[in-house]
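Common to both upcoming complexes is subunit A, partnered first by subunit B, then by subunit C.
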Partner chain A sequence: MEIDWQPVWLTLKLAATTTLVLLLVGTPLAWWLARSHTRWKEVVGSLVALPLVLPPTVLGFYLLLMLGPNGPIGELTQSLGLGTLPFTFPGLVIGSVIYSLPFVVQPIRNAFEAMGERPMEVAATLRASPLTRFFGVAIPLARPGFVTGSVLGFAHTIGEFGVVLMIGGSIPGETKVLSVAIYDHVESLEWEQAHWLAGGMLLFSFIVVFSMFLLEKRLRRSGT
Partner chain B sequence: MNNRIRLIAFALLLGLMSTQPLIAGKVRIAVAANFTAAMREIAANFEKSTKHTTVISYGSTGKLYAQIRNGAPFEVFLAADQRRPQKLEIDGLASERFTYAMGKLVLWSSDEKRETSKAALKRGDFKRVALANPKTAPYGTAAVTTMQRLGIEAALRKKWVIGDSIAQAHQFVATANAELGFIALAQIALDDSGNRWDIPQTLYDPIRQDAVLLDKGLKNPAAAAFVSFLQSPAAKVVIDKYGYATE
Partner chain C sequence: MSCIEVSLKSRLGEFELDVAFEAPARGVTALFGRSGSGKTSVLRAVAGLARPQQGKVTVNGTVWQDQKRFLPAHQRPLGYVFQEASLFPHLSVRGNLEYGWRRVPKADRLIKFDSVVELMGMGPLMQRATHRLSGGERQRVAIARALLTSPRLLLMDEPLSGLDHSAKRAILPYLESLHDEFAIPSLYVSHDPNEVAHLADRMVILEQGEVLATGPAGDLLTRLDLPMAIFDDAAATLVGTVSAHDHSFHLTWISMHGGRVAVAREDLPVGRHARVRIQARDVSLSLKAHSDTSIINILPAKVVDTQEINPTQMIVRLELLDGQTLLSRITRRSGIGLGLHEGMHLYAQVKSVALIG
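Let's turn to the complex of A and B:
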């Protein structure tokens, strides 16, 4: 029996890219959610949390319509000469970013909130510039939130299935990720291959969650 | 007062019960996704003429097969192929296998301005062509055979987008994410939108869709009734109407 490793690498690449994008997009968003006082804050907060409760097929279905040639985003990408996004790797990244958004934003936001106003005020009295305050004080203090967010975002993207199934098209090396490969194996009665991949996934997930607990414990201890 | 209410309730209950014959039963049926529309009508007719009720699960043939093998409570299985019902028969989980419908493959575009023909396929002036997974879905296999017999499989392979089932292949074309797609005639038989090319049946092997009576339904008269209803002329009229051939 031969194991096809391509879906494994593709999945890792997708999860790594998604996590990176989420840290870049999610950090300012989490900062704003933690610090802002506008009424709109909780509306945005709810939108961010929405993927937690929505079935992935709902997300996938709307993405297929929105990103497709007749959808608003599809029309935009076409007019920019980028073509349409479904069935492409960048399309999957966009889907995964939305899908895993709450898993990254929420822990970072919690960490920013837990830190309170005080450290930033102290830093300001020491004449630190806003940028220095943010990168030199806020981010190091919120480190546990960043670690938790990255691990959860990465792991959650690895386990993504519904969204990819809806907008992926199962193209080897481009959109055929691990969960879809397992599904295809089961559907084609190739249960042995399915077992190898599914078993590996189980082990991987356990290790991720377990090491996250250990890490969090250690960070918390060193933080206080 | 209390007694009178009880009496009325009892009378109502009797009235409800008497509208159904004593033999009315329930049959659980697993149906391949491509047969969904036809099945809805057949089930409604069946329920009307026999007073039995149906509980129907739709899904891809491979998934339903895996569920049946693992103890799903289905009593009748309408597959999209012959292979899976045959396997169940060999494993002693099913009996009374018969072909209830023969599928027809079409090339479809939801855009009326797009040409759907052999020539259009050969020209290849499109970005994507959707098909169902050839490893699991018979319509996917038929699509690949068609492309092979036209000698364009290698050229088109890069443009394939694979749907989990024929329903998803249809969805990719309906949302215009794929310009063309190989789908089942049944999916658009009652819908005139877009363009379609009825692929000549010499270009693919017949898509025989078989049904079986599963072991769980052996002792259920409603299951037996449904199996015979599915082979009746009344059911065949519906099956034809939805774009299948019958024997």
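Let's turn to the complex of A and C:
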């Protein structure tokens, strides 16, 4: 029996890219959610949390409409000469970013809130500008939140299926990720391949969750 | 004259803050008041951590805030010591100390790194993680960290209130030496009259968001129309010089014009300035200078003012020959028995004297 490694690598690439994008987008968003006093905040907070309860196929369906040739974003990307995003790797990244957003934003937001205003005030009285104190104080102090957020975002992206199926399809090397590959194997009654991939996922997921608990425990003990 | 001018108006729900005061560009000015009187709000506004609806803050001629301008906190050359040390947990003691110091341009560094490290006893702590420090050590690091920004104004928000009695006693000398060593004007928030007597030259008394009185600390702490004089631990501070040591009875004499008081023997050079604190309840009054008493500290004095504290007790404000003030708490019965009246000359018998520096 031969295991096709391509979906594995593609999945890891997708998860890594998604996590990176989420850290870049999610950090300012989490900061704003933790610090803002506007009434709008909870509306935005709810939108961010929506993928937690929304069936992934529903999310995928709307993304397909938006990104498709007649959707507003699809028209934009076409006019920029980028073509359309569904059934491409970048399209998959966009879907995954939205799908995994709450898993990254929530832990970081919690960490920022737990920190309170004081450390930033102290830094201000020590001459640190807003940006310097954000990078030199807020981010290091919120480290446990970043660790949790990254791990959850990464793991959650690896496990996604519904969104991928709606906007990605099953193009080998481009959009055929692990979960889709397992599904395809089962559909074509290739039980052994499905077993290997599914078992691998099970082991991987356990290792991720277990090491996250260990890491959190250690971070808490070191007092940061 | 260079000084600190503050006037603030702010409304936060039910609480209204409306204060204006000046503080000299030298020494420690205490912002004194009960909790909820607005002390911390004033300090935060001076620091630029809070933005009052209307405010003017001028320090040594530089405007930090007025109707048009608002200098953000990180651009104000100040040092701030918070009630809790609030050290950065992700940095070592050295990292904490260097955090602000690094950001001050070399030309503006008026205070040497090593001299603060030495003065505040930081040497053995430098490489430690902050969570391995005691409460007193943490607060010392916080004070050193603030000093190292070479502030033009040092703001301290009850830096001792979170500490136990012995930690407080251990840190007070550092605060006092800071006063002597660096000529940085300070605003010091406190609700403890003893702390104020120890550290402050002047005080601003706040009550419900307004200034009740400002003036020299020694004067305000003993004024009978202000709340401190009727506190249970009301006391007066006297300044004198060490005049002699009594080896056989293990005493040190501190003299002032018109009298002297004895404290338990302290190893101080004769001629050095000394301050003593005398509790009102340790001072009794007598019409004659008795020699047939166990009390050895007897000072001639004049009655300036009297005030009932409760139906049983009264407080008497006395002026010594050199103009210094003493408080005496006696029963109303004794007061009437002695026929106390303003301008009356008598003798204050002091049972106990504490040297405070």
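What we mean here is this: the second predicted complex is superposed on the first by the 223 of 224 C-alpha atoms of A that agree within 3 Å, B and C clash if a C-alpha of one lies under 4 Å from a C-alpha of the other, contacts with A are read in each partner's own complex, and residues count from 1 in each chain.
Criterion: a contact is a pair of C-beta atoms (placed from the backbone, for glycine too) under 8 Å apart; a residue touches a chain by one contact, two chains touch by 3 or more.
Everything quoted here is computed from the prediction, not taken from an experiment.
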{"item": "Partner chain(s) touched by A:Glu121 [first = subunit B, second = subunit C, both, neither]", "value": "second"}
{"item": "First, second, both or neither for A:Gly68, with subunit B first and subunit C second", "value": "first"}
{"item": "Which superposed partner A:Ser46 touches (first subunit B, second subunit C, both, neither)", "value": "neither"}
{"item": "Residues of subunit A contacting subunit B in one complex and subunit C in the other", "value": "none"}
{"item": "Subunit A residues touching subunit C - in the complex, by the definition given at the top", "value": "118-119, 121-130, 132-133, 136-137, 140-141, 143, 223-224"}
{"item": "Subunit B residues touching subunit A - in the complex, by the definition given at the top", "value": "60, 62-63, 65-66, 127-128, 130, 133, 135-136, 160-164, 168, 171-172, 175-177"}
{"item": "Subunit A partner contacts - residues on subunit C that touch it in the complex", "value": "47-49, 72-75, 78-80, 82, 84, 86, 88-90, 99-100, 103-104, 129-131, 145-146, 149, 155"}
{"item": "Residue ranges of subunit A touching subunit B (in the complex, touch as defined)", "value": "64-65, 67-70, 83-84, 86-87, 165-166, 169-171, 183-184, 186-189"}
